[in-house]
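Chains: A, B, C, D, E and F, in written order; residue numbering restarts at 1 for each.
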Amino acid sequence: MKKIVTFGEIMLRLAPKGYLRFMQEPEFQATFGGGEANVAVSLANYGLNAAFVTKLPDNPIGRAAVKELRRHCVDVSCIKKGGNRVGIYYLEKGASQRPSKVVYDRAHSAIAEAEREDFDWNEIFRDTEWFHFTGITPALSSNTAAICLDAVKAAKERNITVSCDLNFRKNLWTSERAGEVMGQLMKYVDVCIANEEDAEKVFGIAAASSDIAGGRLNHDGYRDVAKQLADRFGCKYVAITLRTSISASDNRWAAMLYNGESAMFSREYPVHIVDRVGGGDSFGGGLIYGLYTGMSDREALEFAVAASCLKHTVEGDFNLVSVEEVLALAAGDGSGRVQR
Amino acid sequence: MKKIVTFGEIMLRLAPKGYLRFMQEPEFQATFGGGEANVAVSLANYGLNAAFVTKLPDNPIGRAAVKELRRHCVDVSCIKKGGNRVGIYYLEKGASQRPSKVVYDRAHSAIAEAEREDFDWNEIFRDTEWFHFTGITPALSSNTAAICLDAVKAAKERNITVSCDLNFRKNLWTSERAGEVMGQLMKYVDVCIANEEDAEKVFGIAAASSDIAGGRLNHDGYRDVAKQLADRFGCKYVAITLRTSISASDNRWAAMLYNGESAMFSREYPVHIVDRVGGGDSFGGGLIYGLYTGMSDREALEFAVAASCLKHTVEGDFNLVSVEEVLALAAGDGSGRVQR
Amino acid sequence: MKKIVTFGEIMLRLAPKGYLRFMQEPEFQATFGGGEANVAVSLANYGLNAAFVTKLPDNPIGRAAVKELRRHCVDVSCIKKGGNRVGIYYLEKGASQRPSKVVYDRAHSAIAEAEREDFDWNEIFRDTEWFHFTGITPALSSNTAAICLDAVKAAKERNITVSCDLNFRKNLWTSERAGEVMGQLMKYVDVCIANEEDAEKVFGIAAASSDIAGGRLNHDGYRDVAKQLADRFGCKYVAITLRTSISASDNRWAAMLYNGESAMFSREYPVHIVDRVGGGDSFGGGLIYGLYTGMSDREALEFAVAASCLKHTVEGDFNLVSVEEVLALAAGDGSGRVQR
Amino acid sequence: MKKIVTFGEIMLRLAPKGYLRFMQEPEFQATFGGGEANVAVSLANYGLNAAFVTKLPDNPIGRAAVKELRRHCVDVSCIKKGGNRVGIYYLEKGASQRPSKVVYDRAHSAIAEAEREDFDWNEIFRDTEWFHFTGITPALSSNTAAICLDAVKAAKERNITVSCDLNFRKNLWTSERAGEVMGQLMKYVDVCIANEEDAEKVFGIAAASSDIAGGRLNHDGYRDVAKQLADRFGCKYVAITLRTSISASDNRWAAMLYNGESAMFSREYPVHIVDRVGGGDSFGGGLIYGLYTGMSDREALEFAVAASCLKHTVEGDFNLVSVEEVLALAAGDGSGRVQR
Amino acid sequence: MKKIVTFGEIMLRLAPKGYLRFMQEPEFQATFGGGEANVAVSLANYGLNAAFVTKLPDNPIGRAAVKELRRHCVDVSCIKKGGNRVGIYYLEKGASQRPSKVVYDRAHSAIAEAEREDFDWNEIFRDTEWFHFTGITPALSSNTAAICLDAVKAAKERNITVSCDLNFRKNLWTSERAGEVMGQLMKYVDVCIANEEDAEKVFGIAAASSDIAGGRLNHDGYRDVAKQLADRFGCKYVAITLRTSISASDNRWAAMLYNGESAMFSREYPVHIVDRVGGGDSFGGGLIYGLYTGMSDREALEFAVAASCLKHTVEGDFNLVSVEEVLALAAGDGSGRVQR
Amino acid sequence: MKKIVTFGEIMLRLAPKGYLRFMQEPEFQATFGGGEANVAVSLANYGLNAAFVTKLPDNPIGRAAVKELRRHCVDVSCIKKGGNRVGIYYLEKGASQRPSKVVYDRAHSAIAEAEREDFDWNEIFRDTEWFHFTGITPALSSNTAAICLDAVKAAKERNITVSCDLNFRKNLWTSERAGEVMGQLMKYVDVCIANEEDAEKVFGIAAASSDIAGGRLNHDGYRDVAKQLADRFGCKYVAITLRTSISASDNRWAAMLYNGESAMFSREYPVHIVDRVGGGDSFGGGLIYGLYTGMSDREALEFAVAASCLKHTVEGDFNLVSVEEVLALAAGDGSGRVQR
């Protein structure tokens, strides 16, 4: 089986139990997560051959991250050992009108300080069919931006499909810098995943008259954004996730897929949230799975949305669900009746 | 006070904390439960003299099951010691579109391998007024099927009221075998509890045009099923629980009681679920309590539905609520205001 | 910065984890709380100089209560050491149709048995601008009633603004006794906080045709109650909180502020509840903050309601939120989107 | 089987996890315990018919105490319902040179405020062969002292054997008051359990030249104390437990039994402590079991010491061990090899 | 790198927290373990290429076992999917004079009911240099005994070194049956691991005058047992572990290695126990590592003893230590000073 | 009351529960600690006016650190807000022969990147009598080294007593750099605390013929080291802690105090360890308390050793004990008998 490679950062995620505020009790749930690692785990859960590429220090925390990925069947053989620290993010789970909060402590992580020489893409891309990264990775440092460029170029040379989730992070870089760096990388991207905000923040591509906070969706607007992205960068697919935040406890979740010709909108799910972090990544994982395994565009879209709907019910960054579970939901069974 | 006897299996229930998936963390909440034991606990909580009959190994796990029943005031004096293992079921709690999952590891349990000689129904039924079992018990093995037949025959000889919850379990037996065995047992049953699915799966009794998964209820259909059951087996009462699964987090819950003449439908509760396992059993416990203590049919039905509505808010299989709490809800106070 | 003084009882709060019933597992979450302490913590969280006055035994539990208050920046220098025990309340969290339950074990606490000589209000009120108490404190014992009278008189002599949350507790005293004692104290009160029930139970002040349990709010009725309270006792402000209990899991929450001239009604929030105890106190804390810092009446009201809306999402009695968080919600962002 | 009745207080025990200090984390392990309840549980664990008599409020905490006793097979039918509160003790587990700490909050408990009329000893002592109490019960209040006197007199009239563990508690009464009250009660006692300190504090009976804190045991001294007790009060047996406290983590544990003629000293166990509270009570339970079931004096003594040695390895007040486990240790197997 | 293959059962291990007795609290720590799996994990931790062979059901519990092994870098590619259940063992941790207790619920597990056809040893043994099993595997069923024979024969044909830990389990088979089956298998064994009890129980090979329970070791006796085993079955090495059980909390731990010519005795460690289950397996893992990597006999022995000494300080069955940690202890640093 | 100021870093401490290895379970106990903060907490616990000076980011983790210090009564008014991150250390608790492990992730913390301008020592030292720092602070960065120099100079100008714990950390700087920087700072130090290793690693001051790892103490050697330190830097007092590491579970603990004239050696305590991190800091806290409050040299030494003996029994970095508890132990009561 050919490989799917994702590249980015995996962080230690420290979260209070339940709905406690930070340090309300002296305890953290400690798991691992990060945009591209989350996608790799999704794909491995679906039975694909997924490899995650990053750099991690050779200390107990770094080794635990590798162990956790391996447990979920992710190929960790291309993870570079070295550097000083594992990046951290602190997560406080919100409820009702209180939003979830993320505090990052990721500067100076091994991957942020990695060198271009740390990664031999010739070696990494052996037997590879798909490469995925997100807009977070090039935002970590100018080095990682350069490494991403190395990677997408190497991928293109080998006819590897490249997907990218824009994932703009305002505390990592400015819109200007993001636009510049991502503009270069996007030329190599076949499948682009975004939300409306991303497109606007990174490339200034906005649709008229939509109102995110208010929760109203504007189909024409989203189609327009996707078309602009596809046209500007030559992407084959542009997918846009459509989240309506009713509250921190309840969201509505859907997505749109534009294939260069038409835009199709998925079924929308009302989601009662267990853990919403990694929701976007699970959409990416589902979409890649669908497209990679030859589903129709419509099927791939519905698979991706159903997968990420389920992610909102799973604790942690990783979307621990199987193909069967996603298909059952996509086929319409969202009644949640006990399975015996 | 006369006894109410229930007969069946009590299992060790192993469930991850909160909404974690199986083995996502190395810990299980370990409690006990099982259809007929759950009914016995309900009745004991209501202050009745409830005895549970089963077979359990004389090891620390078997003894812990007995202790837990005794703690809740259940008469454990007729539990047979012996056999090799306590049956187990693993439970993963669902949320939103992700269904709860049950994995059974109950084969070869002490009760499944029990012999007819293990139970002296003459002795067990001393001072007994009511006997309850479910369709799970005869499904465990041909021995337990024979024991159930011994029991209901002995009950009839003593004019003991017999109630049965059909509770079809497709992983324990086929519809054919179930129909055959249950067909024999039902002749002795005065009060039958079922859901539409049970009646169809076990006896092929279906009503036209209802749509369970879609959540639409068809009053005429349910009345029709109940009437067919009552007519075929001579039951005095047939109760059908009506669950509308909106999601794994939210259900609507109601029931119907048919008394041979007319069918009455209860108030319907929108339930935000804490733990839905044992919901049906708590309905059975409530109905038996109502009928046993001489409530009117309507009162008994509303008591049973309110009781099982509350069960959905209680962790574990057992419905740890009092008569006062059930009556308060049945009387209309579902506002959930703090009681000081 | 001038001080805000609150006076009352802080109790040890013992609550099972999650939605467990009392002693379902052998463990209690152990925190501290009490009406006036909760207000002090709210104010300290908002950056004000808040002092809490009470009496606590000099044992590890009493000292832990002091430590917890100090942790949240409350001035504990006027807490009197002595007495025999810390009052306790046991809390069981409800869900859906099952109400939360509070069992009090607060008799004979240090503050309930305090003497008038224990508190030197001249000393306590140095540099003080505001004094807050609730109807719980004078209900603890005739001593505490006398101490409250000492306090409000001393406050008036110094032109200190006095606020009072009526907070009627039927298990501490009768309506008759409450009316008598509170009637005396209310003469000194500038800002009165109540709910319709309080006003009726304590002073027999009721509005026609409202239906609390049913959840319908009657604007005219509330305005009428407030006006009666203001007129009878000469209060400058009367605030009434408006809770619609849909279930133990979901409430609607709003409030009204009457300023002697007109009554304004706040935005109403649909709340998915994490912990509802202390909800009223957090309203009081928010209102005092608003009025104390010179917000307009409308702003103060909306700040108070938003603050207490957020409290329902925070575990424990204390409302651990910042001014920024409250303002963000009051400004309209209740979408709960992740803050990175 | 005849009954063994014990009479006293059962308290809620609140202890931080592991070796945490009070309120270092916001959590308490919540179990139940108390001298005489502990003895009843020991006896029930050994298969005897043990009844515990006390008064407990009819609230969730009181009912939970009853449930916990019933779980361990204790006869709870003579527990009087009523009163206001369940007594509490806070326990902080020591280690190495840091001693364990107990903070009592037991004043005003239901049993402390019980009336003589609450207990009908004619009824309670039906089919009873043995009655046990400790010096804690009469220390709770003058009422409980009077009730104890009622009980021992009623016991003597029925030829019921009476045992008493002196258990002096300096924070409940003075030596003078203890000597006076216990002096009256001891006239009815057949089996007296004490440690050297008790005898001295209550009756001024001391042996020369022993040094408890230093850990040196003086056989002659202990024999002398026992003889004085037996002679003064006409006890048939006097047992003295011999604890050598090396540290809070390690003790040496043994005992002496004086039967009116000679004193025998048991094997001494070096104990690595898991939970030392209830150690003395478990000795009492073991001794009563031995004497009641007709063991020789030597066997009964060794059974009692082995039982209480095991108690030090069990969490909580209750000694959750079986006769088989105690006999195995008394027979010499203290190697702790895994039992498969 | 060549493979080391181990074959046997991996069970779900359910253990109460800390020193609690079974079901004293409603919770189990849930991990996985089993003699041969433990050895595989040890070897993988040391960086070797270790494969574990077994049969596991394709359900969430079986899949979780596979995931856990993979996490620790064990090659799981030869695990057969199928069968009905994962075997379970319940473990209660002892302390001081209270022994640890193991309750097995392993009958009817997938591996116990496996067929010879389930395992293709030609395939499994590709690139394999060492095969390890224990006396537990052939004791599970006559099928597993036959499979073991298939395996050792296939191993011999390929010149694969075979090691076996006798590990007699009296609740799985009788000494007679064990002697018969193991007698056949031992002919193919190069490295035999045992304790004196094993040799006597399985083969009737005993040394005079040693006293295990008393804790005295008899060097000549152990040498004699080893020589008899080596002579009878032609083993190249016989290792005997030497445990002196002072209590369930403290053991002394050493071992002897006989290489056909002479017997050498290792350093002895006084161990303060955290978790003693898997201690013997960790010795096996250490010994295989030492011999496989070409250490001298003395070095291999000291490595194995140091490794298993460390195992006693690690929670769970698996010995989660590195080669560096073992070497540091073997080199003499057992002072336990903090490593920064 | 005059102030005692300590200056340094407070870190988030992340430790697995109990004796688990890093990430063996997905959970960390999260507390705060650091050499100088630990000393400040000790002093505040003893009732002194202790201020801690550091720099912490204005984010939820930084604010939680401040809250925790305030809870323990430490004056936090001179903590500078700013910087990017709170330093972290991961701690794995060892047992028996397995050493505890510390993994630091403290680079780039707010205090490590602080500027000299961040601290106005004129302001900080108002009403100050004592200043304490450790060798860790100047090792963090050249900036903190410069700030330390500013501090000690400012202290000397005000006749503030200066104490320093050498605390060499090999992963923060080399011996050469340490010797150079500490050499400058030590000129201002009145009270020096060290262990033999520190003196040797930092200043090359060693005594002949002692053997730390082996655990033998050499009184003359320690006296000699202290005298050399005192002579070279003009310290009034040199204290050396004497730890004999028997294992990670058991240590022996004592200390020596040299006052320029003679060296006195304290009582030695055999310690069964609960948490050994912060042991040295608690000695420092005890010594400062003793000297500051005017104890005799001998009393101060014994107070310090008893205090740090108790620290080994307290979870977390902070020594949560009172003066009374320390005095009781210093007076000779280490028997660990329950205090009621």
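The rule is short, and it goes like this: a residue touches a chain if its C-beta (ideal position, glycine included) is under 8 Å from a C-beta of that chain, and two chains touch if they have at least 3 such contacts.
Just so we're on the same page, UniProt names per chain: A, B, C, D, E, F = Sugar kinase.
None of the values given here were measured: they were computed from a predicted structure.
J.: Among the chains, which one keeps its Cα centre farthest from the Cα centre of chain A (Sugar kinase)?
T.: D
J.: More than half overlap in residue numbers between the two sides of the chain A (Sugar kinase)-chain F (Sugar kinase) interface, or less? Answer same or different.
T.: same
J.: Measuring between mean CA coordinates, which chain is farthest from chain B (Sugar kinase)?
T.: It is F whose centre lies farthest from that of chain B (Sugar kinase).
J.: Nearest whole angstrom, what separates the Cα centre of chain A (Sugar kinase) from the Cα centre of chain B (Sugar kinase)?
T.: For chain A (Sugar kinase) versus chain B (Sugar kinase), the centre distance works out to 44 Å.
J.: Touching two or more other chains, which residues of chain D (Sugar kinase) qualify?
T.: Those would be 18, 21, 26, 67-68, 101.
J.: How about chain D (Sugar kinase): which of its residues touch chain F (Sugar kinase) in the complex?
T.: 18-21, 24, 94-102, 104, 169-171, 213, 215, 245-250, 276-277
J.: Which of the residues in chain F (Sugar kinase) end up touching chain B (Sugar kinase) in this complex?
T.: Contacts found on chain F (Sugar kinase): 25-26.
J.: What residues on chain E (Sugar kinase) touch chain B (Sugar kinase), complex-wise?
T.: 14, 21-23, 26-31, 59-61, 64, 67-68, 84-86, 88, 90, 92, 101, 103, 105, 107-108
J.: Give every residue of chain E (Sugar kinase) touching chain F (Sugar kinase) within the complex, in rising order.
T.: Checking each residue of chain E (Sugar kinase) against chain F (Sugar kinase) gives 18, 269-274, 306, 309-310, 312-316, 320-321, 325, 329, 333-340.
J.: Using the touch definition up top, name the residues of chain C (Sugar kinase) that touch chain F (Sugar kinase) in the complex.
T.: 67-68, 70-73
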